[in-house]
Amino acid sequence: MRRIAPAAAFSFLLPVGAWLLITISATSLFGQAPAVDPITEPVAPAAAPTFDKGDHAWMLISAALVLMMTAPGLALFYGGLVRKKNVLGVMMQCFFLMGLMTLVWATYGYSLSFGGGNKWIGTDEYLFMRNVQPALVDGVVTYPIEAVPGLFAMPRLTHMLFQGMFFIITPALICGAFAERMKFSTLVVFSLLWGTLVYCPLCHAVWDGGLLAYDFVTFEKSPHAVAGALDFAGGTVVHISSGISALICCIMIGKRLGFGHEPMPPHNLTYTTIGAAMLWVGWFGFNAGSALGATGQAAGAFAATHFAAAAGALAWPGLEWLLRGKPTVLGCCSGAVAGLVCITPAAGFVQPMSAIFMGLAAGAVCYYACTTIKNKFKYDDSLDAFGVHGVGGTLGALLTGVFATREVVGSPGPLGLIEGGTLLKDQAIATGISIAYAAVVTFVLLKILDVTMGLRVSQQAEVQGLDYSQHGEEGYIFL
Amino acid sequence: MRRIAPAAAFSFLLPVGAWLLITISATSLFGQAPAVDPITEPVAPAAAPTFDKGDHAWMLISAALVLMMTAPGLALFYGGLVRKKNVLGVMMQCFFLMGLMTLVWATYGYSLSFGGGNKWIGTDEYLFMRNVQPALVDGVVTYPIEAVPGLFAMPRLTHMLFQGMFFIITPALICGAFAERMKFSTLVVFSLLWGTLVYCPLCHAVWDGGLLAYDFVTFEKSPHAVAGALDFAGGTVVHISSGISALICCIMIGKRLGFGHEPMPPHNLTYTTIGAAMLWVGWFGFNAGSALGATGQAAGAFAATHFAAAAGALAWPGLEWLLRGKPTVLGCCSGAVAGLVCITPAAGFVQPMSAIFMGLAAGAVCYYACTTIKNKFKYDDSLDAFGVHGVGGTLGALLTGVFATREVVGSPGPLGLIEGGTLLKDQAIATGISIAYAAVVTFVLLKILDVTMGLRVSQQAEVQGLDYSQHGEEGYIFL
Amino acid sequence: MRRIAPAAAFSFLLPVGAWLLITISATSLFGQAPAVDPITEPVAPAAAPTFDKGDHAWMLISAALVLMMTAPGLALFYGGLVRKKNVLGVMMQCFFLMGLMTLVWATYGYSLSFGGGNKWIGTDEYLFMRNVQPALVDGVVTYPIEAVPGLFAMPRLTHMLFQGMFFIITPALICGAFAERMKFSTLVVFSLLWGTLVYCPLCHAVWDGGLLAYDFVTFEKSPHAVAGALDFAGGTVVHISSGISALICCIMIGKRLGFGHEPMPPHNLTYTTIGAAMLWVGWFGFNAGSALGATGQAAGAFAATHFAAAAGALAWPGLEWLLRGKPTVLGCCSGAVAGLVCITPAAGFVQPMSAIFMGLAAGAVCYYACTTIKNKFKYDDSLDAFGVHGVGGTLGALLTGVFATREVVGSPGPLGLIEGGTLLKDQAIATGISIAYAAVVTFVLLKILDVTMGLRVSQQAEVQGLDYSQHGEEGYIFL
Amino acid sequence: MKKIEAIIRHFRLEDVKNALTEVGIQGMTITEVRGFGRQKGHTELYRGTEYTVDFVPKVKLELVVPEESLRKVLDVILRTAQTGQIGDGKIFVSTLDEVLRIRTGENGPDAI
Amino acid sequence: MKKIEAIIRHFRLEDVKNALTEVGIQGMTITEVRGFGRQKGHTELYRGTEYTVDFVPKVKLELVVPEESLRKVLDVILRTAQTGQIGDGKIFVSTLDEVLRIRTGENGPDAI
Amino acid sequence: MKKIEAIIRHFRLEDVKNALTEVGIQGMTITEVRGFGRQKGHTELYRGTEYTVDFVPKVKLELVVPEESLRKVLDVILRTAQTGQIGDGKIFVSTLDEVLRIRTGENGPDAI
């Protein structure tokens, strides 16, 4: 075996070090339970914490579906869009993040996100799977239950798993922005830090009674919150956060060599199509799974998801057909994904026919963002992570404020604009806060990483392609 | 942006127009509830319309599985079989139909199919998701339930979704017949009209108490029906209808340029293999999902499906091995699909060992149809949509009449031939009617489209390939 | 049609003959119920054999997921690793085995494995789906239930299906060892015999109260057993058995032509990545499905599986990064699979944090096995079936003896080494017996097949590639 | 010994090959190439980014013939490869110093 | 009539093509090739097995020009294909006996 | 300067390359080609439709050598590419007018 390359070892040890550091500081930081401002975690009464197995079956399979979204789904969708020499690079990013983010989630991510605590961040409650994993209680194996009585109940392990799959796909989405030029070691450290500093706080803010939480008992914003954002399955937490960060990323890392000059067509649109189809299927787990049980709401979210995807898959290529003469496969796939992104925050709160409208709007607006806007401002968002997720997510968050209806939510008063509610204002505030937060933290992170590790591979490595330069492999050897 | 190409705009507006027209006429037609001959929709007693969450979990995932069959499943299976220059063309057809058929289903398709009504067609009951989507009842969000007491119960939304996935895949199957030469705009209009005029009436006839319905309470044909067809998961509705229409299509559109002269081998059999495997997996949702719950019958349908696929996957390549010297991968995949098609109408009505026999028969008969018969009559059924779905579906419908048994159905008297029943006659009549109906309507539709829009792309476009000529893209750019 | 090639017909009839012979002998052998040493099959009390539909939904989808592991999962994972000229060969092996092993399982495999009986082998109880398929009981369709009261209950059909999927993937795993040179006809006969003579007895020994069974009521080894192996989802039955047999296979069949001289890089690592991701997703069905219900234990097994895969996906490329300078995509995928293999026997018995440790260990140890050990002993385990499944499976079985804990199992006394239990000894014995048994039977089988049918294709056929020489097809025709 | 290189359209290959074998040609070699010429390529549009494909796929046929067959072969190719549309391609003829058959080591016309 | 064969780097192709069209070249044909030379290949490692890639991907440009344009074209290629790094490639020049345009049957300089 | 074009079998490439480097050859270029010749193709059968593959995959080796090395190189190729079975391929030799190295602009034998 050869000698250990010091630079390589260094770039390997960096992420490991970062992770250890954070884990340890998180542990020590929260060594004592936070005294101020505790939010009582909604738990089922001690008496009979139990769960319905039909709900549970649906949550287990939903978790599997959401993992499938990252790979094969996103790996194929993104992999097909890059040039051949970078296909493994982009697939590796997806696959490696499945490993990395999972360990982060297991050690401290879930605890920071869903561990209760103040309005900013979670606690050490679930560090290292404490209070999540089974334990003997009076000699009986007992699985801690995550429940809100009347709303849902499941083993906390399952809740952790389901939510953990979101933690994987979110940074993976960002990879679309700096595809074909990002240094792999830097990507690893960036994802780790971004997950910790952007995702966990935002997730806690929206879904764990934090700064942007909505209360489903009083049907108003949570006591701690500055705005109650209705975010069913991650419009804010997943798509806005990743989409905005993607924009910052692609601006700060700069354009690909030869951008605007050399042709950079997708090397394998069959992969992209297959990936888009898998995203569509997996999104049922993402959205209908976010009902947290096999409920009527799950059926509603499933329908909204399906309809929005369908509408998007018609709107985008329809516009191309009208304006350019031909409907493209890439347009059809992109439209479906745009529709899916847009319906994400709304899926469990709107009627199916509204979902069709949202899908049409998403297809049209994202089409505009990915063609006209991008060309105008000339940033190189390689795979349109911002154009689809940032724009589509923002649109979805706002349209949730328009279409959310008490017929679906069950709130006593009106919600969305169409029924005369005022939700839209809250949605706008929450969206603004999320955008600002994600943008600022991403910016700072990248600045630091730029001076310490460097964001980009060398020119030569970029010309060679990431497959060989970062991983020493080739995607296809067809001889 | 360039000027709008008038021809393109026209071909885009046609499908949109057609859809609007149909929607509007459907709405007005059924503006008044049909006074004559109403079939009372079987509903759960008003008291406690509720559903089991285990059943519901299974139905949700089944719906996802059936969508997965169209894409990635069928998109890969068909995509691999065409020449490289048409791979996107065929994938686009599958993907675009996921969008198109879903919106048709959402607006009026489900209502025409499952909205009760006379023996010919449904009603306006569920137009635009009316009576399907949730509503506030006494301030409580209530999901309408689709149920037959003692048989099944689920949110009607879920029923609509599950059935909607069948509405997508059926026209997608036809695409195999005219692959590599059909005009995309015409395909869109054709699918829309075919779905409306062939699928919806047939579906209503078989599964909504119409002309060919079987009654599971009296275990005889429905009061309105001329024949009670036992069709568990769509042998008649999906496979016979699409397979026969496929034959009409490929005859009327004519052979591919160079057919019988130029070689047209499958460009990527690895895709076809992967697609076939996905179809196999997805078919569990299709067939076992058609039990409409996580019941014992679902297990039985699952087993029958699995066994028939396995038997088909041995029979076809086994014959090749015997007669040609080598078992082929394509034969193995085709055999599996043939087995799956054949068991579809029977899955919930036959014993697993009968399914093995049906799979073997399907493998052998479809092998014969795709090799000897096709070569003899020299129609260019490019991807054997008729040879597999038409022939396999018909075989399956008839064999259901042979193997269906009261041991599985629970009927008081004997059913299939093997236990001395007379079901076979009814199956034969229903098959005949379906074949005639699908053939005639498809023929008329194509005649009209031929003179108005044209069925085929230009010679030059066909030589170039559909990928570029219809969509302006290339499948693989491997430089 | 041409004349029937006699050699081909012969090689086709051999497997058919073998199967018939075994089926008949199995039928006659067990014609009478075995009088000696019957193990009473644990059945639910006659009163109300029923099952929870949530559990059932989870088992149905798990069965589908496990099938998905063989194809597309393994077909892509292995298919990408061979040279282009052998890609269909390897995919065909996976796909054909889906057909073959299913029919074996349906006719006698399930009965031999799970039919009760003595400690060596099952009975004829379930031959040809007898007592598995539904039957009329007092005029009511009744599905036999497979149940252990307090542990699980489901239709026996579902149990048969779920377990049958394992019967498919196990011989498919072995194909990695002799890839690119095995004769297809011999492979078919080998798999049939291996399934019968190695898998069924081992499966019976571990999971049906046989030689290596563990008793979950007394929490000790079963009365008949020489060692009670805790094997949650098939560390012994699936991975050790296939991995060890793989080693024997690749030694006995010899190296590929040009091995160590000609380059034989993976022809399509994108397939391998996609396949690995599908294996990861499918493994949730494999492991969490092995809880036999949508229980808390299923959630625990799901978490352990996910964490081990994640840890493996970091450990292997991490080592490469450290020692070779670059983390590879193939390393990342291999590590994930190694982690999954290793956690298989332990998934339902260990805490999630232990799973992380097991995944890290598996990544490191299998990395060492596939690089250093293989290079040292110079056997040509083409796709590392032994290096990953044999080594990872053995490691997993032993580490189960270290980490299994009563906190998860619910045993009265300590189990794994970490809590002071003695399980490790039993695990070691069981592992040793399994290794010896699989190795000896595989050796004898291959010796016989070598002299009767020949193991390898001709030199010319090997140079041409299996795609053409065995199946008369080409994988990609990209002109 | 003359070497003929002909750049032709893909879909004419089958006919050209058949016509050549009919006049007694026993060997040839083809290569996938891409050509730039009067026949313009096309523009593809991927999410608003134009991508101009200047090079269109062609097949290059190489065949070596003895001097005396040259005209006959050129004729056959000209006739069978022609569609009359821009982009039919070119034929280049050059002289070889030597031709060897690897299997036998034969040299000259016998080697073809 | 001269035939120029230039083995160049992929990512110079666009520039070379543009420069050539600027000096009036109307046709050329390219082929994907792999080259072995001073520019060393690289080693890939698949699960501990080394795989040496000696041949690196290159593009072969073929273009036929009348004698008088030869120097100009060579100049253009030399200038635009150069990066100065090992592996820039070679140019080979040879003489053709004949050039035909398939579409019209034209012969000689007119056929280019 | 002579240009050697050799059509050989794929699986001989590694040996040919090694033998050539041993006799001092420092550069060569290879192309994937498909050949038609005495070695017959094969028939594939896709669902009852026959598909005849007349062209079998081969590798074309191009290398330019100074006149004085020609015989040596031809010998090496003949020896290492031979299997004795039909289909071993051909070697074509022609004369070049000029050879240039793009990196340096060198001309003639120095450029190889």
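Chains here go by letter, A, B, C, D, E and F, matching the order in which they are written, and residues are numbered from 1 within each.
Operating definition for what follows: a residue touches a chain if its C-beta (ideal position, glycine included) is under 8 Å from a C-beta of that chain, and two chains touch if they have at least 3 such contacts.
Note that this is a predicted model, so its numbers are computed, not measured.
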What chain groups remain joined by touching if subunit C is not counted? one piece
State which chains count as neighbours of subunit C and simultaneously of subunit E. A, F
Averaging only over C-alpha atoms, locate the centres of subunit A and subunit E and give their separation in whole Å. 46
Which integer distance in Å separates the CA centroid of subunit A from that of subunit B? 34
Whole-angstrom distance, CA centroid of subunit C to CA centroid of subunit D, is 52
With chain centres taken as the means of their Cα atoms, state the distance from subunit E to subunit F in Å. 18
I need the residues of subunit F touching at least two other chains; which ones are they? 31-32, 44-46, 94-95
Two or more other chains touching the same residue: where does that happen in subunit A? 52-55, 57-58, 61, 263, 265-266, 294, 324, 326, 328, 330, 472-474, 476, 478-479
Examine which chains touch each other and state the graph shape they make (line, ring, star, complete, other). other
Chain pairs in touch? A-B, A-C, A-D, A-E, B-C, B-D, B-F, C-E, C-F, D-E, D-F, E-F
Note: in the complex, subunit D contacts subunit A through residues 44-49, 51-52
In the complex formed with subunit E, which residues of subunit C make contact? 263-266, 320, 324, 326, 328, 330-331, 334, 370-372, 374-375, 384, 387
How about subunit B: which of its residues touch subunit A in the complex? 1-2, 4-5, 8-9, 11-12, 16, 52-58, 60-61, 63-64, 67-68, 70-72, 75-76, 79, 87-88, 91-92, 95-96, 98-100, 102-103, 106, 128-129, 132-136, 139-141, 143, 154-155, 157-158, 160-161, 164, 184, 271, 294, 470-479
Which stretch or stretches of subunit E touch subunit A in the complex? 11, 14, 42-46, 53
Which residues of subunit F touch subunit D in the complex? 2, 6-8, 31-38, 54-55, 58, 60, 74, 77-78, 81-95
